[in-house]
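What follows is a structure written as C-alpha cells; I'll ask about it next.
In order of appearance the chains are A, B, C, D, E and F, and numbering begins at 1 in each one.
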Amino acid sequence: MNGPAPTDEDLPARTGCRVLLVNPNTTAAITERMVAVARGVAAPGTDVRGIEAERGVPYIASRPEAALAGATVLELLAAEHTNCDVAVIAAFGDPGLFAARELLPIPVIGLAEAALLTACMLGRRFAIVSFATVLGGWYRDCVALHGLESRLASVRLVTEPFASVEAVARDKRDALLALARDAVEHDGADAIVMAGAPLAGLAPMLQGECPVPLIDPVAAALTQAEAIWAQGLARPRPAAPNGDKASTGLSAPLAALLRSAPHSR
Amino acid sequence: MNGPAPTDEDLPARTGCRVLLVNPNTTAAITERMVAVARGVAAPGTDVRGIEAERGVPYIASRPEAALAGATVLELLAAEHTNCDVAVIAAFGDPGLFAARELLPIPVIGLAEAALLTACMLGRRFAIVSFATVLGGWYRDCVALHGLESRLASVRLVTEPFASVEAVARDKRDALLALARDAVEHDGADAIVMAGAPLAGLAPMLQGECPVPLIDPVAAALTQAEAIWAQGLARPRPAAPNGDKASTGLSAPLAALLRSAPHSR
Amino acid sequence: MNGPAPTDEDLPARTGCRVLLVNPNTTAAITERMVAVARGVAAPGTDVRGIEAERGVPYIASRPEAALAGATVLELLAAEHTNCDVAVIAAFGDPGLFAARELLPIPVIGLAEAALLTACMLGRRFAIVSFATVLGGWYRDCVALHGLESRLASVRLVTEPFASVEAVARDKRDALLALARDAVEHDGADAIVMAGAPLAGLAPMLQGECPVPLIDPVAAALTQAEAIWAQGLARPRPAAPNGDKASTGLSAPLAALLRSAPHSR
Amino acid sequence: MNGPAPTDEDLPARTGCRVLLVNPNTTAAITERMVAVARGVAAPGTDVRGIEAERGVPYIASRPEAALAGATVLELLAAEHTNCDVAVIAAFGDPGLFAARELLPIPVIGLAEAALLTACMLGRRFAIVSFATVLGGWYRDCVALHGLESRLASVRLVTEPFASVEAVARDKRDALLALARDAVEHDGADAIVMAGAPLAGLAPMLQGECPVPLIDPVAAALTQAEAIWAQGLARPRPAAPNGDKASTGLSAPLAALLRSAPHSR
Amino acid sequence: MNGPAPTDEDLPARTGCRVLLVNPNTTAAITERMVAVARGVAAPGTDVRGIEAERGVPYIASRPEAALAGATVLELLAAEHTNCDVAVIAAFGDPGLFAARELLPIPVIGLAEAALLTACMLGRRFAIVSFATVLGGWYRDCVALHGLESRLASVRLVTEPFASVEAVARDKRDALLALARDAVEHDGADAIVMAGAPLAGLAPMLQGECPVPLIDPVAAALTQAEAIWAQGLARPRPAAPNGDKASTGLSAPLAALLRSAPHSR
Amino acid sequence: MNGPAPTDEDLPARTGCRVLLVNPNTTAAITERMVAVARGVAAPGTDVRGIEAERGVPYIASRPEAALAGATVLELLAAEHTNCDVAVIAAFGDPGLFAARELLPIPVIGLAEAALLTACMLGRRFAIVSFATVLGGWYRDCVALHGLESRLASVRLVTEPFASVEAVARDKRDALLALARDAVEHDGADAIVMAGAPLAGLAPMLQGECPVPLIDPVAAALTQAEAIWAQGLARPRPAAPNGDKASTGLSAPLAALLRSAPHSR
C-alpha cells in the first residue's frame, strides 16, 4: 500500500469515555432511570453520570418549558463540563442543543438528535410515539430543527391523561405499543422512536411485540456519545478566542465560557 | 421510582460485535486500509473483517459504477452476512444501502450515511471534501438520498488529476486540507467529511491543521455499527415472510434472501 | 425576419426512431405486453423492440430487486444499445436510470419518469395507483428521485394479494379503478398514473370510467422517446473520454463503455 | 398471456394532431419563427398553426407583462381552441398555463414546461440561458411554479442590452453560447434550456459547440403536444358542469367556457 | 448614546393613509362589505375606498377566473393608483399580486398575503377555512406562491353547495365554524384564516366560539397597508426607467406604466 | 346586501395600544434607541415602553447568548405583560418567540419576524444585512425557524471588527450601505432588512441611497404590534387551563403562567 499508513498516534481510538447526562427537569427519579438505561448499554470502560436542574419543572412538556430548559442546560454544562468528555442533553426535544454545541469545548449530543439519527440508519422513515398530546408541537419543531422532516412518517401521541410522570411508562405501556403498531401499519414507519425521558427503558421491553425496531433515546444518546468519543472528535478550539465579551449576573463558569467562546458560525 | 425498572434482560447491552466491511471495489489495498482504520477506533471486543468485490472496478467514481456496485453489495452480503452482526457498505455514496437494509436480517450502515450523521452531531452544516470532480454528482445524489440537503454547506473537490487511487491520499494531502479550510472560511462548514474510501485514515492526520472536526467515514461507520449493536437494534424479521418469490440465475444465498424477504415498506 | 433563419439542416426533425424497451424482469409475457402497448401508440415509422433479463425475478417489487435490476439494465443496455436510437427502462421505478444516462451515448428514459412528467402536463398534482402495497416504498423513492414530491397527491395501492403478475391487470381491474376514483375525490389528483409494468395497457381501458386522465407509463415512455428523438437530442459525447478505467469480470461491452465514459457530472 | 389483450380500440394511437401555438406577444415575426421551428420537428401528419395577440407588448419580459398575457392567452384560446387538438402557450414563462388547463377541454402545454421536463430527461440538473437580465425573476418563478427548483442548476443571462427582439438570437449568439458553456463548467448543468421565444431555432445551431444537450423550447413543446395527443390524453369533461357561472363583458367564447367549466381542483 | 440620533425627518411616521381596495370581482355588494370591514379596523386618519371590476365574474373561484382577474387588477390599478397611497388586491388568492408589485410605484398588498402573514405571527401553523371545495386548488397555489407551505396545517372547505355569494357568510356560518374547530382539534392549527371575500366580517363574529384566533383577511390587509405606510416603505423608483417599451391596445395609463417600469428583478 | 352586516361590536377596531419592547440585552442605550425608533412610527394613541435585562450580555451575538435570552424573555414577560397589550421581543433573532407565544395571554411579536414578513410584502426575495459575521449562523437559523428560506436572497455581513455596539450604526454606515447595494445587484434582493438592534433607526437614513426598500426591524415590529391589536387578535385563553404544573425556583409570575398555561400545540 502506497498511501499513508495509519498509525496508533494518528487514529486515536479511545475508551473510558465519561458521559454526563444533563437532565433539565427537576425530577431526580427520571435522571436515575436514564442513568440506569445508559449504563445498561454502555461499553465496559464508559462512565455515566447524571445531574438534574435545581430550578424548573418536573418534566418539560411545552415550548416555554423548553426555552427555560435551554438556559438551564447552559448553566449546568458550564458548571460541570470539565468533569466529562461528552455531554448529553437528556430531554427529548434537545433544549439548548445548538447553543451548547457552540459554547462548550466538548461534544454535546441531544437525546432526540441521537434517536432520530439512529432511526435514519434503520429505515427510510421513522415515527415518534409519546405519552401526551401536548408534546406534539415541540417534538415536530425538534424534527424540523434537525432538518429531518422528509424522514418523519408520523407523530402519534397518547390522548388519555396520565397520573404521574414517574409511572407513565408503566401505566401507558399498552397504549404506547398500540400507537407504535399503528405507525407501522398506517404511516409506513420503518422504525419507532419512543420519545420522552419518562419512557426511558421502555423500548427494549416492547421490542418483542413490534415488527420494527423500537429506539430508546437514552440508549441512542449514550452510544452516540461513545461513537463521537471513539472517533476523537472533540471540538477544536480556536487559537484566538474573542475574549472580551462582558456579561452581568451570570454564573462565573458561564460568564467565563461566553468570554472565551469562538463565537463560531 | 414507580415505573418499570430496567433489568439486564430488558436492556441487552452487547459487546463483541462482528463488523463486516463490504467494499464493492476490487482493490484489496483499499479494503486493507479501511480495515486498519476501523480497527484503530474499534472497541476492545469488536471484530472487523473486510471483503472486496471480485468483479467490478478498482474504485467507484460515477453513477454507472455505483449502480453496478449496488448489485455487487447485495451478492456479497447475501453470501457473507451470516458471519457478522452488522455490515458496512464500504464505499462513500452508499451503493445499494436501502436495498440491503430491506433485504438483510442484520443492520446495514453506509459509509457516507455514518459520516453525514456524525457530521450532523458536530454542527449546523457540514462540507464534503474529496479528490476528484467526477465524484461530485454522485455525492450530491447521496446527500439527497439521506434527506440532508439543508445541512450541506458545500462539496469541494480537487480538480487536478491524480496518479493512483492508492496514493491519492498522500499526494493530494495539501490540496485536500486547503479545500477543507476553504469550506470552513467561505461556506460556513462546521465540520468536514473527508469523503471517499481511498482517503480512509487521512482525517485524523490533518485534524491538527483544521479549525473544525474532520470526519473519517470509515471511523464513523465502525463506531455507528458498534452503536447500533450495543442498542440491540437488529432488524426484526416478520413472522410470515412471503416465501414464494422465484428468481433465475442469482446466487443461491441471494435467491434465498429474496424468497424470504418481508418485502417491507 | 432578421434573425437566423432555421434551415432543414439546423432543425433535424427525425422519424424512424428505433426504441428498445429494456425489461429488467425475466417475464417475457410482460415484455410482450409492453411492446404491444408501445406499438399501439407509436408513430408510423417508429420501430419498437423489447428484451427482458435472463437472470433476476419475474417482476420487481422491492428495493433489493430494483437494486439488482439497476445492474441488469446496464448490462443489457451495454450489449444492445448500438441497435437502437432511444432506450426505455421498462420497469416502473426506473432502476439504474441516472446511471444508464451517464453511461450510454444514447438517450435513456424511465417508465416512471415518462409517466410522472406526462402527468405534470395534465394538472397540478397526480396520484400513483398500483396493485400491491409492497410497491409503495420503492415508488415513493422514485418520485423523490425525480424531485417531484410537491406534485404527488397520493400513492394508492391494492391491499388484497394477487394470484399472478400476468393476470393482475384483469383480476384487479375494479379495485384499481376504485383507487383511481378515490385519488380524484379524496386526494385532489388531477391525473392518475397506473403504475407497474404488469398494468401496461390498462389505463386506456378504464379511461371512460374515470373523470381525470389515466396515464399508461409504457405509452408515456414510447411517446417521450419519440419526442426526444424528434428533437435530435442524442447525448453529445466528449471529445476526450478518460479512456483508462480498468474493470474486472464485466461483460466486454460494459467494460468498454465504462472505459470510454466521460464520467460526467 | 392471461391479462387483458390491448386492442386497437383500447389503445387509440393518433396521428394528424393539430397544434396551435398561442403567442401572447404582438410580434408576428416571432410567431412565424416559432411555427417554422415547430414544423421542422413535427411528425408528417402534424398540423402547426400560430396566432399572436392583437393587444399587448411586442415581447413579454416582466411579471406585469406576463400577468396581462395570462388573460390574453385565455381569450385567444377560448376563440380558437375548437380548431386544434392541443394548444401550446408560446411564451417562455407559461403565462396562464394552469388557468388554461383548468378551463379548456383540450390539453394545453407551456413552452417553459415542455423545455424543463425535456431537460429533466437528459440529466440531473439543467440551466436556463437567455438574453436579458430582466427575465430572471419571471423565469425563476416559472421553475418554482412547476416544482422543479431541485433540478435547476442556474439561470444565466446576457447582461449587455440588445437592439431588437427579432435580431437578438443572431446578435447575441456568441454571448449565449458562452453562458451555456459556463453553466456546464461552473454550475454543473447536464442540459441547457435556451429560453425565450425570440431564441427559437437557435439551440440546434449551437449544439455542435456545446458539450451537453441544448433544448429548444418550441421544439420541446411541439413534440410534447404530439406525445400527449398520441396517448389520447384529451382532458375528460365532467358529466355535469356547473353551468351557471355568470360573467360580464367577456368575449362570448370565454364566457361560455367559464359557464361550463368543471371548476375542477 | 453615541450612534446616530433618529430625528423626525429620518423616521417619517405617517398617518392619513389612503387605501384602495381593488376588487377584481364585479359584485359591488362584496366591495361594500369589504370597505365596511376595513373601515371598522382602520386608524382614525385612514381613508378607505373600494372599486370593483366592470368586466369579469361575480366572484372568483377558479384558476381561469383568477388569471383574468390578474389582468383586471393591473388595469384597475393603472387607472386608480395615483389617488391612493397603498393598494390592496381584494380577492383571496392575490391575483396579479407580484405583477402589480413590480409595476406600480406604490406598495401593493394581497388579501391572502396579509392574512397568511398575520397568521404566522399568531402560532406555528395556520388553517384556511372557506365556503366551496372549488377554491381549494387556487388557495393551495396561493400558499405555495408565498412560500408558506411549511406553516399550513390544512385547508378545510364546505362541501355543500351555497345559494348566493352575498348570503354565503350567513348561510354557512355554522358549517364554517365547525370546520375551524376541526382544524384546531384534528390538524393542529394555531390560527384560522377565514378565506374568501364573501366571508369578510365573519371572523370576529365567530371568535367567541373558537379557541384560536380567527383572522379576517380584509382586516389583516387594511392594517398591513397602514403598517407599510407608517414605515414609509413606498417602493423607490429607479432613476432611469427603460422608457421604451411599446404596447398595443392597452389602456393609456397601463401603457404608460409599462413604458416607464424599471423591469425590476 | 343580504349577508351579516358588520357592526361596531363585531369589528372591534382598537386604538391606544400599549406596546412593550422587551430587550433581552443589558444595554439600556439600545433599549432607548429602539423606543425612540418605535415612537417615531407609532400611531398617535400608541404607548411604547421598553425594558432590558438585568442579567445577560450587552448584546446578543451567538446561539448560546440567544438561548440564555430565550429564558430571560420569558422571565421579563411574565413580570411585565399585564401592563401592555402587545409585546415585542426586541432582539433580531427572536429568542424565545414561540415559547412566549405559547405562554403569554397577549400577542408576542419578534423583531426579526416582523421585519421578514414586512420584507415579504415588498418583493419576492429579501436580503439581511448586519454588522458582524458572528451573527450569520443565528440569523440563518431564524429565517429557517420562520420557514422563509425560499424567500431569502442572501445574508451579507460586515467582516471588519467594530469598536462598540452603541456606535456601530454610525461607524459602519458606509459598509452597511455597500452591502445592501451588493445584495440588490448580485443577489437579486427586492428588499433589505437592516438586522440587529444596534442598527435601529439606520434604515430610513440610508433609504435615499438604496434602490430597494430598507426595512428597520423596530419600525416593522411596532407597526405589526399595532396591526395585530387593531384586528383584536388577542390570544384566546382556554376555558380550562391544566392548572397543576408545579415548578421550583422560578419567579412567582413565571411559575403562575406555567401553572395556568393551556399547553397548547
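Definition applied: a contact is a pair of C-beta atoms (placed from the backbone, for glycine too) under 8 Å apart; a residue touches a chain by one contact, two chains touch by 3 or more.
Quick caveat, the model's predicted, so the values are computed rather than measured.
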Item to check | Intersection of contact partners for chain C and chain D | outcome: B, E
Checklist entry - Going by the stated contact rule, which chains contact chain D and chain E alike? => result C, F
Checklist entry - Copy of E-F's interface among D-E, B-D or C-D, judged by over half the contact pairs being the same? => result C-D
Next on the checklist: Do chain A and chain B, two copies of one chain sequence, contact each other through the same residue numbers, with over half in common, or through different ones?
Outcome noted: same
Checklist entry - If you average the CA atoms of chain C and of chain F, how far apart do the two points sit, in angstrom? => result 51
Checklist entry - How far is the middle of chain A from the middle of chain E, if each middle is the mean of its Cα atoms, in Å? => result 44
Checklist outcome for this item: Residue numbers in chain C touching two or more further chains are 98, 101, 124, 136-137, 141, 150, 188, 264-265
Checklist entry - Which chain pairs here would you call touching? => result A-B, A-C, A-E, A-F, B-C, B-D, B-F, C-D, C-E, D-E, D-F, E-F
Checklist entry - Contact residues on chain E for chain D in the complex? => result 26, 54-58, 61-68, 70-74, 96, 98-103, 133-134, 136-137, 141, 245-250, 254, 257-258, 261, 263-265
Next on the checklist: Going by the contact rule set out above, which residues of chain A touch chain B in the complex?
Outcome noted: 1-6, 8, 10-13, 15, 29, 32-33, 36-37, 40-44, 98, 101, 107, 109, 113-114, 117-118, 120-124, 146-148, 150-151, 164, 166-170, 173, 188, 190, 198, 200-202, 204-205, 207, 210-213, 215-216, 219-220, 223-224, 226-228, 230-233, 235-236, 238, 264-265
Next on the checklist: So in the complex, the part of chain C that touches chain E is made up of which residues?
Outcome noted: 124, 150, 188
Checklist entry - Tell me, which parts of chain B touch chain D in their complex? => result 136-137, 141, 144
